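Just dropping this structure here.
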């Protein structure tokens, strides 16, 4: 369960990236965050996994108050959340397998289990044949699928995906959405930021529309 | 246990993947410690040269004429029993004249008219190595007290005092430069490591974003630092050994004789261990501290 | 004028990224390159501005044979080509203005002219208010527009854009396409790789479709 | 011209944007050159100490008895006219005895019976500084030839020979360590710069992709290297000056006396320039070479 109460984020003095935002995402929900470029979608997502701290307001994630969470408790929070970063954030000096495995290594999982699970998720995303490749040698869409694999591999309670299909063609995007629907059906709360309105409408899920740092549609407290 | 193994594996993988950086860092550690070790070797051996100079320290006790040889033997036995004393030799008037002639070298003919040496017979007392200094001499003199056989005692007080001060000055300079060298090595090594960690800030950030704890992130960095430090100090010791062998083989044995030493020595084994440990501590802690510094924004 | 004759690119031994490709793009043309993720679109583009060299075949760009171009002549080639990279490739320690200005600095243009032209192109792409911002602090779509600005600012003879609207919403994408159409009308040859089939069809331009390293539609010699 | 200005501006911007890296690099350059400079200062001053030792070099010409004082004065005038000679003093038999007594120090009473010194009167010839060595002495001796007034000549050949060899050995060791130190500084500085350039590979690649020529890319790197090298060597010289002042102020003047020097000297101005130029050349060329190395894949 994720709740935002009157959350604002000012990176600079002049304009807020997010302003007085209220949002409630119940456990097991599937929400799309839409809005034009610079609307504050990524900022909203970053606040949930504490990459950024809110300037004002309170954020509750599974009962924890993120605004006041001590730095030492952040890793525990992040291990419950799988994140697909808009810029992928793959480690350039590790291969695909190692990049995905990282999300399990930080949990202290035995190496044998790691191998199996990494292989399964890569297979599911059609990236198992590139397991030993360096991310720098992958095509844009391939990198994006590795980023998705890393977010999903530890079966997180919450999946946060920032523009997860921006580098993927229509068919591949559909397949990703199927995977997301599937993990959602198993109980994972899913929050996807995207510009792809076609995809959003075809999915028929809840939509929160942002503009200039304000929720203009779908706001709930 | 499995955590440690996994950290080790990650550290090894990092070293491999950043091989260019790792080898440069190891090289800089090696060269810095080589300088420290080379200086140690130099200082250690020059120290031996100086100790050699001090071996000239001895006490000459001029004897009054007219005592029987048995009394002199008795006094010699007594003195050679002192814990500070290495040896005692009896020098007759004739021997003293011989030595004086030898000292004046070619001018022997100038002394032709001189039949009897002006100075009396004497006992030459050589202290043990540890007592070849003012304190040692003084304690020998205290033991000898005012023996009726001894007319005068001479031990080159002025010369010894001056030598001791020169040695003290050299020691001060040597230790001072050594400290500067060590501090410089610490500065260079720790900052080189900081540079390499700075270059990997992105990696640190990504690890944190996927939920890695500080311990998880830092352990491999610590291990990498330890390995680089160990490799660097091992290379520096190898270079030192090489330098040592070259010096031993190439250096004219005449130079050793001139310097008054038998041969040159390698750095003492304590220093070898200090270099190895120092390299590892610097590498490990430097790495750890640098990661900590870029810990959170 | 760009021509590819039987061009192949093998990054690894097992599979080619591009295979026996023939293509002719006349001066002033506007071509879309489409195809699924990993089809070889980016590879095809990279061959044109010599980021990669072909394994086989010949490539002619304005009469130069790229396959045999000496390394020292590459800068001259690249200054005639504006490239929007799929991963943007912005310098993280320069601000937006400096990043865009770089494309003019390499030409040795006086600083006064640089300022004016950079400002104009940023304004056109709606990014002039972020001129002093660091790229790392920009939203994904903002970064993409800076990358587009850098490619356009020196009014290149050829514009190569790799997925230039992947991080942009529908309206912003349309505006970008208007700009591309405009520079094309002034004589610039435009080649755009994209997954956005909606955009491709609405533009009604020539389409080259790639699949698994082969051109399956639109090939010409 | 405008190209140079634009390169300068870009170099300045880079230094500002990579301030952490730039300041660490500058620091490492400073410390490395400080070591070299500090060692130079040390070697320079110890060299003076050694030169001080040599000032004891002199020639004693023992004179035959029975010549009138005018002959002796004439000989003295002649000798002091030699280009190699600093001064000539006449030592009478009595003075020689006085000196001998003073040398034997406390044992004056032992010499009570000695009325006349066994050695004859002599001329003490002190060579000029440049001739205080075997060659100088030999050329003085050659000029003096076989004068009928002179019975014997003594100049402590053995002692001088030994001293010259010791000085040669020390010189060899000092130069050897100096060369090692310089090579180490070059290695450390160039590799540190290589590390910083390695960390900026992405920047290089992006510049190339937007059509930058090698000259365009390298000029700012060259300038950055020159600036860092200059800043580093300036800092090292500042640290040296500080060290020098501290030593001058804190060091007991007694130590200077013991070491036989008036005071310590700063490194010669040629070395100051060498450090400044060396820093800039190392910084600039190191930077240029590193960029060239990551030039093309």
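Read from first to last, the chains carry the letters A, B, C and D; within each, the first residue is number 1.
We take it that a residue touches a chain if its C-beta (ideal position, glycine included) is under 8 Å from a C-beta of that chain, and two chains touch if they have at least 3 such contacts.
Given the structure is predicted, the values throughout are model-derived calculations rather than measurements.
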| item | value |
| --- | --- |
| Relative to chain B, chain with the most remote C-alpha centre | C |
| Centre-of-Cα separation between chain D and chain A, whole angstrom | 67 |
| Euclidean distance of C-alpha centroids - chain A vs chain B, Å | 62 |
| Centre-of-Cα separation between chain D and chain B, whole angstrom | 23 |
| Interface hub residues of chain C, defined as touching at least two other chains | none |
| Contact graph of the chains (line, ring, star, complete, other) | ring |
| Touching chain combinations (by label order) | A-B, A-C, B-D, C-D |
| List of chain A residues in touch with chain B within their complex | 49, 51, 71-72, 74-79, 81, 83, 85, 89-91, 93-94, 98, 102-103, 105-108, 110-111, 150 |
| Chain D residues touching chain B - in the complex, by the definition given at the top | 20-21, 24-25, 27-28, 31-32, 34-35, 38-39, 42, 46, 62, 104-107, 109-111, 113-114, 118-120, 151-152, 154, 157-158, 162, 165-166, 169, 172-173, 177, 180-181, 184, 187-188, 191-192, 194-196, 198-199, 254-255, 258-259 |
| Chain D - residues contacting chain C, complex | 2-3, 6, 10, 13-14, 17-18, 203, 205-214, 216, 296 |
| Chain C residues touching chain A - in the complex, by the definition given at the top | 11, 34-38, 41-42, 86-87, 137, 139-142, 144-145, 162-163, 166-172, 195, 197-198 |
